[in-house]
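Consider the two complexes below, in which chain A is the common component and chain B and chain C are the respective partners.
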Partner chain A sequence: MINASTRITKSLLAIHGWSAVFLGLLLYAVILTGTLAVFEHELGVWANPPVQASDRPLPEGIGARLKILADSVDPAYLDEVGVFPAADGRLMAFFHTHIDAEPGREAFEDGTLILLEPSTLDEVDRVTGPADEVFRHFGNNALSNFLLDLHIRLLLPGQWGLWATGLLGFAMLVAAVSGFVIHKHLLKDIFTLRRRRADVLAARDAHVIAGSWSLPFAFVLAFTGAFFSFGGAIGLPMLAAIAFGGDVETALEVLQPEVGEDASPAALADLDGILASAAARTGGEPQNVFINHWGRADALVTVRMSAEEGGLLPGAVLYKGASGEFFKTLPNLGNEPSFGGDLAGLMSPLHFGNFAGTPSKVVWFALGFASAYVALTGMVLWTRRRESEPGWERLARATAWLGYGLPASLAAVAAGYFLMIDGIAGLGNTLLFLFLGGLFLTALLSFSASSTDVANRLLLRLTGAIMLVLPLLRWQVADGPGWLTALSSGLGWVVVMDISMILGALACLAYHRRQDAPVWVSDASVDDDLTVAERVADAA
Partner chain B sequence: MSIDVVALLLALPSTLILWLLADRDPKRLRVRRLRDRAPLSTRQRKIFSVLLFSPGLPLLALGYWSAFLIWFGLVFMLGWCVALILSVLPR
Partner chain C sequence: MAEMMESASRRSGWWRAMLAGPLVFLCSVAVMGALAVVIPPGPALINNVAVPLVLFPGAWGLLFFYACLELKLLRAYAVVVGLLLTNGGLIAWHFIQTAQAAT
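Let's look at the complex of A and B:
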């Protein structure tokens, strides 16, 4: 035990509180963006839809089309070919090769990325260069990608972002466990939500009720999120460091099954037939396909499948490229099926909630929303109870700023996207600057308002106002389809997202907190002793 | 009918039980001073709690994991909604 003076203790307490709130704010940002990212594909279609939707991720005839495209690219790029739907539903075909690391330069992929309309398989555009450049070349998925980058890496470069979000995942686990432990009457209180009572009781109840009902999923989302962040940032490099002298590329190659090296030329078998065979064999729908060593006798085709109906684990099957013969079912991890591999395979559906299409996404969105609400209300409670203490008023204001300013800034990014986008042309760092500008502007509004409540109302209305004009900007400024055109083109999500934006905007504009003078009561009277709490509340 | 739609339908009986549990919850009634209706006894609440989760058992037994998760998540979200709705309804 260290005997610190009162002054030092107070300073340490302030540092402790500030750092906790800072972490909490970042966690809130990760949860909120993750909640929106559940509808990553739907947002992509809404923001920049293709001419006509396709009824499946890999449309019929894609195999024949790929063979034509393969003749038009540098033969070196047939080393590996990946075909997958982008967030907006268009197809991306990446013909590429792997360039080994050299002193002073990391390994990278170099190739030609071709964008295809999903319904006609017509080529929209193509670009050649290193992978990180070619994927940034197109702006059609910029909005979804920005949201994902914010969620996965907090816009930080390299592995730093994964480290940060991984740590935040563990912080969320700690918050969920500690919340569970300190709330002694979780089941007893699970339906008790006091309204029109002392402000602190109502706010505490709202936080506890949302936290209680979302608790099991908070565990799941936090654990799977930390797994994804640390799996990439620590797990794979550690495996590579231990077994492959730090060479991640080699580690990944060894984990891939091989059919035996044979560089002799051989035409690729009927790819459409392989896709049909994979669907029949697994009961799932092909989601994407990768072809290694196209045009060689040792070509290998990997077809990644959706889970079969009612199932959770997505599958993958391998075919010999030259003969089209089924090779083997690919386990989720390694080369042989294992319990650990199945557990690892569960992480993705449990985190993204995309295992059963729209129904599971809606449920996961609601669970994510509840978790974001719990994170924000927890910090608001924590800071506002201490608002009268030196330094805490600013922290309370900062909490309110990010709580309400982040949605406003994200809405501003969407508005900026519609104002700037020109077809599928890339946007560079425009969305990042818009986002940072939005945060700066909302900070100014928040800190210059007469009170935290006034700032909150202002930011909420700003969010509502921006969301309300988004459908109009999408339709008129970004030349998106109108509702009738969208519906006749199979782009129903455009209409659904427009309506969701309008309803969300109206909810933000209509929301107002009761203007009763808040009554704060001591912790002792609200935590355990219900009778005292009720008495205090009644007095208020 | 898709098994995932079945999961959505199975959430209906669970919602009814949730509503009953919430409507007659002893602490909620006490806090809101609703003395005109009798709270559920501990035994009744235990029985209803078991019934609340029973619609998910066939999904588990038949191995429909995705449908089970949809139903399970829905029950928790509907529980939150029921608590919110009952808190704003007039006494």
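Let's look at the complex of A and C:
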């Protein structure tokens, strides 16, 4: 409990509430999509699984296969080769070169992207062009990519999206800190749920309980989110100019390990042997591999590893490409272990929750869901109090629309994906149009309904109905594997996600029944001991 | 009289919003840049980049709450503008030194 003065508490209550009013709806969208994106890879596998799952990110024999593929691409693209698993578990091999910036044009990577089946290493398809085009060419990861775009950039172009989500991350940080300071009865708030009392009190208590339990998590998410968005948009370019006297590319060149330039031709050593050596040396699992200057005497192989047992940060092992000789190990960031590298490296596992596999992801998902619930119920509680006033009525409708229309639109995007996907063929902007169409339709439903309660019930029912048919669409329309085939192919996540969708759908359909007879009571008559939510509402 | 007080309060609200919003953001960016000048790069050459980047949201939050909660608005402006000029000056000095060293 923090004993702030009445004046400070009042100011913080106002900051807490108004930051939510101005940015709450967008923040809710970012938190909800971020929560789903925790399972980005699992969603990718569910949406468009490979024929057979691989037991490791870089399957055995990938080195020999890459050598064959290297002979089939433009030799200029052997300048740098990256091999990594995509969200759906298929492998991506990107043979490319770096094109320098020119007046009026930024630097970019140009190359050939080859998609491989993970179990057989058969080539699925390939495409050549600039990196930002080739990585959007295939449709297999379109659903995961759409979700990530919405979470990271709110679908805004260029740096605008990063600025927007950075600002939202900061708003969440402000709300978390002010929310913590205004807690007069933190322990009481955490354990108070008056379900037998009026619905309005139960709703407030649920908001405060979810907010209290997820407060530290919200702080961590907001801090790391603001770090990623603003770090990419302004921090790195500015600091690269100050510390390295150039742009981010210059900084990366300075930080590149020195092997000594030697352009004379030399065959690449046994790549499979290098991967096995890296695994034996660190005790981790190779996650992806990069080869610089393939076919030259100064070739360098960088194997990025999973974190060691009990460790939080992954590292990398470097080998000289021509001889296969071990060169050095690298920490997660930088050439040498450093405080700054470890500090910045921690941001990633803390934000994505992927440091302990599925268990940590489940915890991050649950806490993320609680945070989205807090953002939405906070807005609902705030606006319902003022629903009778003209301006607030619209905000109350908008809150109900986005709160319940966003999940419905996201479910519609998934349904549209299954209806339109043909193998791995690209979908262009189809998912974007589907999403915008979904938002438009749900807005029509929401604003034309006789009350927000009716609109909410309708949208929840719609979300539940769409989610319920998703497994069927995936299986029958998109030609996905059935449960038995999926289980026998090592694609257990397909079954887990199907069941999650069905349970989520049933929860949506069941939830509306609980809302059938809401009991709204006078605030003054129910409780003298104000909770945080009540004091936040009073401050406005 | 009441109208005058309300108008003055609204004006002061706008001044505080300008301070806590754009000015504090600019100041936090300047603090991040200046930290890159004063923090040694370390053996990995990245401490002066990574540490300011991580500290940026914290510095922004601290300055934001200070700008919102400081009773004397003029003092809050003095502190934030002073920090902005000091840190901005440090960054400018660094660029001048680098340019001179290059020539």
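Everything below uses one rule, namely that the second predicted complex is superposed on the first by the 484 of 540 C-alpha atoms of A that agree within 3 Å, B and C clash if a C-alpha of one lies under 4 Å from a C-alpha of the other, contacts with A are read in each partner's own complex, and residues count from 1 in each chain.
The definition used in the following text is that a contact is a pair of C-beta atoms (placed from the backbone, for glycine too) under 8 Å apart; a residue touches a chain by one contact, two chains touch by 3 or more.
Here the structure is a predicted model, which means the values were calculated and not measured.
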item: First (chain B), second (chain C), both or neither touched by A:356; value: first
item: Chain B versus chain C as contact partner of A:177, first or second or both or neither; value: second
item: First, second, both or neither for A:340, with chain B first and chain C second; value: second
item: Touch list for chain A against partner chain C, complex; value: 8, 11-12, 15, 169-170, 173-174, 177, 222-223, 226-227, 230-231, 234-236, 238-240, 242-243, 245, 251, 254-255, 331, 333-341, 343-344, 347
item: Chain C to chain A touching residues, read off their complex; value: 29, 32-33, 36-37, 41-54, 56-58, 60-61, 64-65, 68-69, 91, 94-95, 98
item: In the complex with chain A, residue positions of chain B that touch it; value: 2-5, 7-8, 21-22, 25, 27-28, 31, 62-67, 69-70, 73-74, 76-77, 79-80, 82-84, 86-88
item: Chain B-facing residues of chain A, complex; value: 188-195, 209-210, 213-214, 216-217, 307, 309-312, 349-350, 355-357, 359-360, 363-364, 366-367, 370, 530, 534
